[in-house]
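Read from first to last, the chains carry the letters A, B, C and D; within each, the first residue is number 1.
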Amino acid sequence: MTEEEKGEQFAMKQPLYIPTLATAVAILLAACAAPAQPVQQAAPAQQKPKIKVGLVTDVGSLDDRSFNASAWEGVQRAVRDFGVEAKAIESKQPTDYIKNIQTFVNEGYDLIITVGFLMGDDTRKAAEMYPNQKFAIVDVGYFDENAPKNVMGLLFAEDQSGFLAGVVAGMMTKSNVVGGVYGLAIPPVCRFRKGYEAGVRFVNSNARILGVYQGPSDGTPFNNPQWGAARARDQMNEGADVIFSAGGTTGNGGLEEIAKTQGVLGIGVDQDQYFTLSDNVKKILLTSAMKRVDQSTYLAVKSVVEGDFKGGNRVFDITNDGIGLAPFHDLDSQVSNDVRNKVQEVIEGLKNGSIKTGLEGVADPCAN
Amino acid sequence: MTRPDVVLEMRGITKRFPGVLANDHINLDLRKGEVHALLGENGAGKSTLMNILYGLYQPDAGEIWLDGRRVTIHSPRDAIALGIGMVHQHFMLVPTLTVTENIILGLETRRGLLLDEATPQQRIRQISRDFGLEIDPEAYVKDLPVGVQQRVEIVKALYRNARVLVLDEPTAVLTPLEVESLFSTLRALVKRGVSVIFISHKLKEVKAIADRITVLRQGRVVGSTTPAEAGEAQLASMMVGRPVILKVDKSPAQPGPVVLSVRDVKAMSDRRAMALQGVSFDVRAGEIVGIAGVEGNGQTELVEVITGLRQPLAGQVLLCGQPLPAWSPRAAIDRGMSHIPEDRYKYGIVAAYSLAINLVLSVFHRPPFSRNGLLQRRAILSNAERLVEEFDIRAPHAEVPIGKLSGGNQQKAVVAREFSRPMKLLVAAQPTRGVDVGSIEFIHKRIVQARDAGAAVLLVSAELDEIMALSDRILVMFGGRIVGERDGRTARREDIGLLMMGKV
Amino acid sequence: MSSVTAQGQSRSAAPFSWQRVWSGVWPAVASVVLALVIAGAVITITGADPVAAYRALVEGALLREGTATRPTAFLETLVSATPYLVLALGISLGFAAGLFNIGAEGQLYMGALASVVVGFALSGLPWIVHLPLALVAGVLAGALWAGIAGWLKAARGAPEVVVTIMLNYIAYAVVNYMVNGPIRHTGTAPRTPDIQASAVLPTLLPAPERIHWGFVLAIACAVGYYFLLYRSALGLRIRLVGANREAARYAGINVNSTYLITMVISGGLCGMAGAIEVLALYRYLPTEFTTGYGFESIAVALLGQGHPVGVALAALLFGALANGAGYMQFSSGVSNYIIAVMQAFIIVFVAAPGIVRDLFRWARPKRAEVEVE
Amino acid sequence: MDLVDVLLRIDYVFLLAAALRAATPIAFAALGGIFSERAGVINIGLEGMMLISAYVCYRVAVLAASPAVGLVAGMAAAMVLAGLHGLFSIRYQTNQVVSGTVVNIFAAGITGFLFRALGAQESAPYLPNISHPLLKSIPVIGTLLFDQPLLMWVMLIVVVVATVVLFRTPWGLRTRAVGELPRAADTAGIPVNRMRYLNVLISGALAGLGGAFFTLHTVSTFTPLMTSGQGFIGLAAMIFGNWTPIPAFLATLLFTLPQALAGQLQMFGVPLPYQLLSTLPYLLTIITLAGVVRRSTPPAALGTPYVK
């Protein structure tokens, strides 16, 4: 529109709209002039009160095919297994976190699970404000002496998971070039990447390792499959024949691109992506570097059900099956015994501490 | 019932717009091969009537008969199909398209799926030759002078096989010579059986070309006559409803010191062509200097340079001996320049805003209209009330959006605004364009008053009559240069007309 | 608005009549009802109960009977409405001059960044100095960021739409880089250090209420916007440039500098929104800062039709919808995507009342009056 | 690795091929914008039209087990949104920016909502690549053209066709007239609003093609907001290209080439902060815009409803 029109439309029309808008707002107000019944339907008084679990996502949604989804899946498994009641609220803005937590607190939920390191501060604030409320938070631990006692920090050794994936990649590559497509450089992603690269080097010291993080201005974070696909292609052009995709749907775009090319294999992340990604990807999905967020939330709920909930950090790593490699599924036949043996060896080594990923105790995995 | 030689008959046409009865039971008939003039002031309902004929508006009542058949015209498409062509006052040409493209628009010939421009171009050339309408089919319309654009419009109508051709104020933008050539074109058309409706408010021209004249006033037919029967004065009083003084009353000029001095100014046009090739002249206090010339010969750019709206490439503009900082309209205003811009709607007013605001458009940031950065509503309104009174602006109230006023009242508001500042120099570009006779008289009177009060006045107008009536000195512009100067009292139309064509 | 006759007597625009009020109001009633019905239909198709969903939405946004610590959710709606209001004012100001500032999001980011840096890096200042300083830093950063687009428009004729879109992406990257690198604090999560207590924009009510002085600032911005745009000479200048750029130029207004000034003020408001968010709510800058306020606020600005009262109401509406969405999801399981569907329809119906009229006309049996085209 | 070393070893043909691919949806959006805006209707709803097409393409391609059916359905869905945009802005004379914004908000909401309600686990069949074993091995050309998605080819063809249509056919002539001076078109017997509706629908169809690229070429599934702002980049390219197909297409490359380059530089480990590297396309666009002195001139009647 020409600038004149823009201005004119503004100049001429305004007074009419104010009553109109005012009514719109008023209607919303009036809509509940009907008796605002206390929301009982959420907690029908049954014979014995059910245990209620609330989950608050970070700004990613429940269907991010990543840790929010995974966390929710664990909770739902607990619903099936223990008959607890569960609800989720997705956060639209980071400023919503505390509000959404508050909603569950007000409704008397037994356990509130928050997801993601972005929620670390707000979860802590809420925990300090409501010391009798049980919390669990995925991907965050509190290490200082004042750490709240009512929060279970669910931490993961993503580096170990990545390391195992790196071992497989390092051994399976024929071109001696391996790649990686990663989401934004946030701590869990960085730990995956660095563990993976350490794993490759552990078995194949002269392999070339490629990798790219999605930049903050490369479209929507963790949700630009087209960008991920383009980067996977870059790497295949450089000769990579195994590519690790760790970055929500950005990474999934990478896997989809790999599936279009002969002879290149992909490695998924977080869940066993064989079950979450499209059929196209199944035939090239070598394995997934799993981070059992679902297991951790399941266990957190279980601890509440069984009455042995304890605050403090709980690390999910190779020793408690909190992380691990997914099965090879369709590609099982292509994986030699050498590889399997090596993976087994590394698992043992990681368990007994004889093999290190190099990220043990590193506070900021994203720092160089 | 219809006489055989009547091509077109409009009966009882009535059209009402919110608040206005634009056409009130108008009857009009057009005979084959005649030029029928429709005479009336701005706002008399001429254009509405013709827009109804052309299908742009639907009448509230009334009938249109063509060749003895009753027709309904829903859209221009229908009108074109019936052989009605129209040359609008504001040309309906798309500036970014070529002449050919404009002419064939809506009636394209194809070669396969693609546009065929070769065939129509041949026909366009043919029509040009037949009627002496010289045009270049491949030129872009935006590069053409208005006179040529008008020819394009006529060719466009002929290309569509128009048997009835309506020309809405066709001479407004033409030089006397161009008017002559238009008239000879019209005579040629008439000879070939085309019937012409010629809309105008200029008595001389109507008398010169029309076979019959119908006069409209305030939406009604006042009467029909022929040039032979009615004199100019009689037509004028039919048109305005009262006797009209056709001469501007003014005493001889008493020039004072030089106020505006333009020294060898060169400037480019928006289209990056050299529009001013070195223009120099002075305007003294107490005189009106008129710039005559066909539009597009640099007058627009000259006015823009003087008023600080355009950066000159070279040269200087001095106001009372002091050079004006280039490209600062505000500086010019602050130093006593007033400017009536050529296109009122585009440059002169902000249509959506109130009359009161439009009356302080260039001074609202100063006391008393604004103090400490805050607008003083009361001062703005009382200023408006004063000017409304003084300049006889007809408006329901001061906060009416100025776009809702008639053209004449809008222009009076512009004049009022510009005259309300202390004025050393008045630059008036087309000050009476699209304005009714009453307003024209009023504005002319105010300009002369300003001169008599000691202001220097630079008048730029495409209306030669206006230049002749008002100017103490006349400069003629052609091709970006001043090509001649004449004394206002002794200048002759024909002489100036030749200068305007560049024939020195 | 009152108008003044040529004789100078003030009189109100028209005598009061209920019919007039009703004719102004019924399209709004119909609009909102229609939007609710349409979104309700969508909800129903997917098997949920729209009535329960709406009740939850309203309760979550406004009236929820709370626990002792939480008297009403309405205060949270005001918290949500605050950034919408400030951003939409900034965007509206641009519209008034005929500028389309799609870059509010980027200016918000830069404002937040600058005020957080001032907030944590300076210490030992009394709050009366520190807090204003941090706010001003945010305003300036937003102003500067938008000023780039304004300057390019004024000096080079670069379309502000394109430049501000591009500047958004650059702002994301700059903030992300800074938070991950130069000004990262030494914890696990990539974020800046906390701002000093002296830079915190305090809350209005005791915790856990979050309603903060930023809301008051936002209202002040709306009032200031009104005076700037409708009462000041600068505002008239901005509006004239928007209404008829050429006429403004002919009247001696410097159009290019008006563009620059408008963009700077517009960006300053957007920067202020960022500053308020971080100084009042976050109190540090996280790596993943707000998502999409700057874009949704374009809709708020459009809905508000440029008038501060309209913008405030629109911001309130959006704030209420955003705030109620969480509770709606909690209580009825309807995903908050439906909010966007409702927003879309409300905007359409408010912006084009003719649609509502036609819909009702069609709904009526007699079709004789339907205009023939 | 050193920047210079990296710049020397980058495979530029591959880079250009990647940029061409990435340009596909953006160019479709730009082309769609050109048709709509040349006819005088602002279309900032392209993003939403792409998004809804991406969703519908996915869902229908899965249901029908045919990418072609999906493509048609996706285009149809985008055209429905376009039709609504036309209805609001032409019939009801709503501010066209408001109407476009509504389209964007609505598309984001409805696709997200349906995705949540219905899921998107199945994988949609892809549209084919245009790949020829022999032609593919031609140096440069082979890489650039003969192993590329079908829709990229369609896009290139549409760029050419759109140029011809706009500047060499009656349709284009009428469209431009309607967008420049609708009254002139009206007096020439052209139904102004019908032309506008149809061009807005074309705009929707093209945006629909752009949306299909996401789900029928890039990934075989849908995620909310997956168009990631590319419709807006397309608008920027349209303005940059002065509402003309070929320059607009080149403008998309101006954007995707640096993005591809930034990806490569990061991959090769150039020691620059990757966050800042990723701003390369945006920076370059701004710098180019600032350097280009020519002001872009939108169609004169853009944004103005035509009222007789």
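To be clear about the criterion, a contact is a pair of C-beta atoms (placed from the backbone, for glycine too) under 8 Å apart; a residue touches a chain by one contact, two chains touch by 3 or more.
Note that this is a predicted model, so its numbers are computed, not measured.
**Q** Averaging each chain's C-alpha atoms to get its centre, pick out the one most distant from chain B.
**A** A
**Q** So using the touch definition from the top, which pair is joined by more C-beta contacts, B-D or C-D?
**A** When the contacts at B-D and C-D are counted, C-D has more.
**Q** Suppose each chain is reduced to the average of its Cα coordinates; what separation in Å results between chain B and chain C?
**A** 46
**Q** Taking each chain's centre as its mean C-alpha position, how far apart are chain C and chain D in Å?
**A** Inter-chain centre distance comes to 28 Å.
**Q** Return the distance between the CA-based centres of chain A and chain B, expressed in whole Å.
**A** Inter-chain centre distance comes to 70 Å.
**Q** Name the residues of chain C that each touch 2 or more other chains.
**A** Residues 1, 100, 169-170, 173, 176-177, 180, 239, 243-244, 246, 303, 335 of chain C each touch two or more of the other chains.
**Q** Show the residues in chain A shared as contacts by 2 or more other chains, in ascending order.
**A** Where chain A meets two or more other chains at a single residue, that happens at 2, 6-8, 11, 185, 215-217.
**Q** Quick check: what residues of chain D touch more than one other chain, meaning two or more?
**A** Chain D, residues with two or more chain partners: 95, 97, 112, 116, 224, 275, 278-279, 282, 300.
**Q** In the complex formed with chain C, which residues of chain B make contact?
**A** Those residues of chain B that touch chain C are 307, 309, 328-330, 332-334, 339, 341, 346-353, 356-357, 361-362, 364-365, 369-370, 373-375, 381-382, 385, 388-389, 395-400.
**Q** Inside the complex, what are the residues of chain B that reach chain D?
**A** Residues 54, 56-57, 75-77, 79-80, 86, 88, 91-97, 101-102, 104-108, 110, 113-115, 156.
**Q** What part of chain D is in contact with chain C in the complex they form?
**A** Residues 88, 91-95, 97-99, 101-103, 105-106, 108-110, 112-114, 116-117, 224, 232-233, 235-236, 239-240, 273, 275-276, 278-279, 282-283, 285-286, 289-296 of chain D touch chain C in their complex.
**Q** Which residues of chain C touch chain D in their complex?
**A** 42, 46-47, 100, 102, 148, 152, 156-159, 161-163, 165-167, 169-170, 173-174, 176-177, 180-181, 298-299, 302-303, 335, 337-345, 347-348, 351-352, 354-355
**Q** Which chain C residues qualify as touching chain A in the complex?
**A** Touching chain A from chain C are residues 1, 21, 24-25, 27-29, 31-33, 52, 54-56, 58-67, 70, 76, 79-80, 95-100, 169-170, 172-173, 175-177, 180, 184, 186-190, 207-208, 210, 239, 241-246, 277, 281-282, 284, 286-293, 303-307, 309-310, 313-314, 316-317, 320, 322-323, 325-327, 329-331, 333, 335-336, 346, 350, 353.
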